[in-house]
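Chains here go by letter, A, B, C and D, matching the order in which they are written, and residues are numbered from 1 within each.
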Amino acid sequence: MINKVVNTIDEAISGVESDMTFMVGGFGLSGIPENAIEALSKMDVFGLTCISNNAGVDDFGLGLLLKRKQIKKMISSYVGENAEFERQMLSGELEVDLIPQGSLAERCRAGGAGIPAFFTPAGFGTEVAEGKEVREYNGKPHILELALTADFAFVKAWKGDTAGNLIYKGTARNFNPLMAMAGKITVAEVEELVPVGELDPNQIHTPGIFVQRIFQGAKYEKRIEQRTVRTKE
Amino acid sequence: MINKVVNTIDEAISGVESDMTFMVGGFGLSGIPENAIEALSKMDVFGLTCISNNAGVDDFGLGLLLKRKQIKKMISSYVGENAEFERQMLSGELEVDLIPQGSLAERCRAGGAGIPAFFTPAGFGTEVAEGKEVREYNGKPHILELALTADFAFVKAWKGDTAGNLIYKGTARNFNPLMAMAGKITVAEVEELVPVGELDPNQIHTPGIFVQRIFQGAKYEKRIEQRTVRTKE
Amino acid sequence: MALDKNQIAQRIAQELQHNTYVNLGIGIPTLVANYIPKGIDIEFQSENGVLGMGPFPFEGEEDPDMINAGKQTITTMPGAAIFDSATSFAMIRGQHVQLTVLGAMEVSENGDIANWKIPGKMVKGMGGAMDLVASADNIIVAMMHTNRSGESKILKQCTLPITGVNCIKKVVTNLAVLEVTKDGLKLLERAPGVSVEEIKNATEADLIIRGEIHEMRI
Amino acid sequence: MALDKNQIAQRIAQELQHNTYVNLGIGIPTLVANYIPKGIDIEFQSENGVLGMGPFPFEGEEDPDMINAGKQTITTMPGAAIFDSATSFAMIRGQHVQLTVLGAMEVSENGDIANWKIPGKMVKGMGGAMDLVASADNIIVAMMHTNRSGESKILKQCTLPITGVNCIKKVVTNLAVLEVTKDGLKLLERAPGVSVEEIKNATEADLIIRGEIHEMRI
């Protein structure tokens, strides 16, 4: 068994440097690597390119890095929950590459899977297709999209074992398994770290081979963005 | 909840016709849809194109269909366990398209995922690359491979629920989840069919959306091809 | 009388087919789930990774690990399944999700849709909308017929950056039900008490009007 | 004296790096698992969908749902993971598996390998071999130096249909350890008691021989 455990958050993020490219898992604030993001927001690293479906909110998630202007460029599908983000983008301080959510997910998976490029119908005829090769398949135009990889991928799971195997809970899974595949160094944080042998091999979502470092997060706020409820009748 | 249960094997394979393309899950004899294959081997359908990693053995699995010469063409990665197969192939009765195992798996997934084509390094410079587009990425030549789909996909899982959700056991998983995605009609057979609500939504390997019909197989032989053991000291 | 948002959702719900998988966008589309006709089995997919979405949770039962694509807390129905974002869009791109209902800022008579960007003003991103409109067999748009200034949002050509070309099949607005045909936009139904003339006046695009146009039944 | 198959496996085992993932092909490569050096942590991947493969099961404990890519019954180690074939080859193609050890019918001095087809005679298929050789950072071939007629299997150019071009890094045979360099095949070590001359005579390809060639330590 290959042991992936790191004992401190500093060890988990060691090697991170300015101008690197990061992937950060999560959808909205659900399933984001809270502890890694917080630690990064205290480091003096700047000029980062950040691949993440969303950009957090002003005071949580990637918003923390945006506030300190650590991020030079965001590659995302939806960034609408963050006022500081919008300000930096409209003022030109922040470069933004918006790409369709499905293409973003597939490009991360492709990066991890050694598939350098693939065709998708998403975005044909739109701004997204500008400069991209178009080819017809099954009577329908498709555009060629390239794989994405990153120097570091930061992901968050529910449980993990010391070999780096991960299990996610609910829709906190989202982009995490795909980014775990695509990071040169994938740093996984988990709510609960267990010894090998405790997780059912049939139920692993991310096999440990995709994870270089694993640690149990010190705490999880797990903030809810849109609390919607119904009342009991 | 959308109910996918069919009550008889006849209902499960209804609509199958000569000259159709089938996908059949399994690796060797592990995880093959035994009941569907047996039922097909009793139907008068011929001229089939069969996409399956392997071709069964002489008297089990796809060997049953080969014996009755129901298969016109095999698309596989490895067919070395079947003497009748080899005879038909060398005599020219059977058309065979051999493709790298990883490309086969990815082409099935692509077919199910609406990705019509992708680049892979596998097979560059070999017979497999003949007639295929070559393009360099990351300093390495890649070939363009096309998605595979099928009129029917026959897959086998360990447990399934009435909504078509599937859970596999061990390495019997193999190609089954990918072919389930790629069948126009996917017929899943399971060792145990349970009501909805019994399977943990977090632990579903194949979401029911990919399955059109599900039934509990009458019996499973689960033959072992290479029984290898060690002795207790 | 023009429909309200709930009535638009109610009218769209009549389009739901038995035993189909449906993706509902944010806003009016979400309301469609409240009006599923009796005897029609539907499973809702949310592109952040859930199939078999249920109603909102009871107060106090919200789970931060269980949200929909609008980031709202949700529940799941028996038979639900959870998956990653790549598998989710495999379902969408691979046309396993039969119907997508989504909102729009503009639609055009050839079936283009614009709903993701107002240059220089609103740049939130397309989220999953481009994948959805490029893939689904059936796409229904739920929208108000005109903007706040009374200008038509149903145009000969979209003026905003488009989300997808030639992709939507039907538009249900507060005034009318329209079908995108290869000859152009066909008026199918009008809101109760709204005349064909009123609809024509509220529509910049040309409308194909054949025979008598019946009122919607809500 | 030339090595036997177990000794070839033993020599290859010396190449194993700590904390790496390794895919072992059928035949001699499988034997490598028996000789993992002390202090070296390795996880074995089998391309049919398992990481953390263990030894063969005890008699009576075979599980038809737990096999390796050679269709042999296996067990798993604590920390194992099971996955589908696409994910398995994502690991391979994405270079997450650091080392592949596989057999060959022929290799050439520029690192080509042929191991899947003898035209008109043996057509079993390439299985996962083409994906493996096209992807892995490090590929070691385990093979006998010559065929049964005594002809070299290490050639200037492969005569059989190739599995991959310019991909293998090392060859360990019953006679020698060879490295594929950009200048050609370099002789690194010789089997105990086997002379450089004997190796040269058994090799059709040109060999780069620099300095003294040491005996392998088994």
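The working rule: a contact is a pair of C-beta atoms (placed from the backbone, for glycine too) under 8 Å apart; a residue touches a chain by one contact, two chains touch by 3 or more.
Only a predicted model underlies this, so the values are computations on that prediction, with no experimental measurement involved.
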Open item on the list: Please tell me whether A-C or B-C has the greater number of C-beta pairs in contact.
Closed with: A-C
Open item on the list: Roughly how far is chain A from chain C, centre to centre by C-alpha average, rounded to an integer in Å?
Closed with: 28
Open item on the list: With centres defined as the mean C-alpha position, give me the chain C-chain D separation in Å.
Closed with: 56
Open item on the list: Could you work out how far the Cα centre of chain A sits from that of chain D, in whole Å?
Closed with: 36
Task: Residues of chain B touching at least two other chains - done: 106, 109, 113-115, 120-121, 168-170, 173, 201-202
- [ ] Could you tell me which residues belong to chain C and also touch two or more other chains?
- [x] 50, 82-83, 86, 89, 92-93, 135
Open item on the list: According to the definition already given, which pairs of chains are in contact?
Closed with: A-B, A-C, A-D, B-C, B-D
Task: Footprint of chain B on chain C - complex, ascending - done: 19-21, 41-43, 45, 50-52, 76-83, 86-87, 89-97, 135
Open item on the list: Touching residues of chain B toward chain C in the complex: what are they?
Closed with: 1-3, 109, 111-115, 161-163, 165, 181, 195-197, 201-202, 204, 207-210
Open item on the list: List the residues on chain D that touch chain B in their complex, please.
Closed with: 46-50, 55-74, 82-86, 88-89, 92-93, 112, 117, 120, 123-131, 134-135, 161-166
TODO: Sort out for me which residues of chain B touch chain D in the complex.
DONE: 27-31, 53, 76-81, 86, 89-90, 96, 98, 100-106, 108-109, 120-128, 158, 168-178, 205, 222-232
Open item on the list: Which stretch or stretches of chain B touch chain A in the complex?
Closed with: 106, 110, 113-121, 135, 137-138, 142, 167-170, 173, 201-203
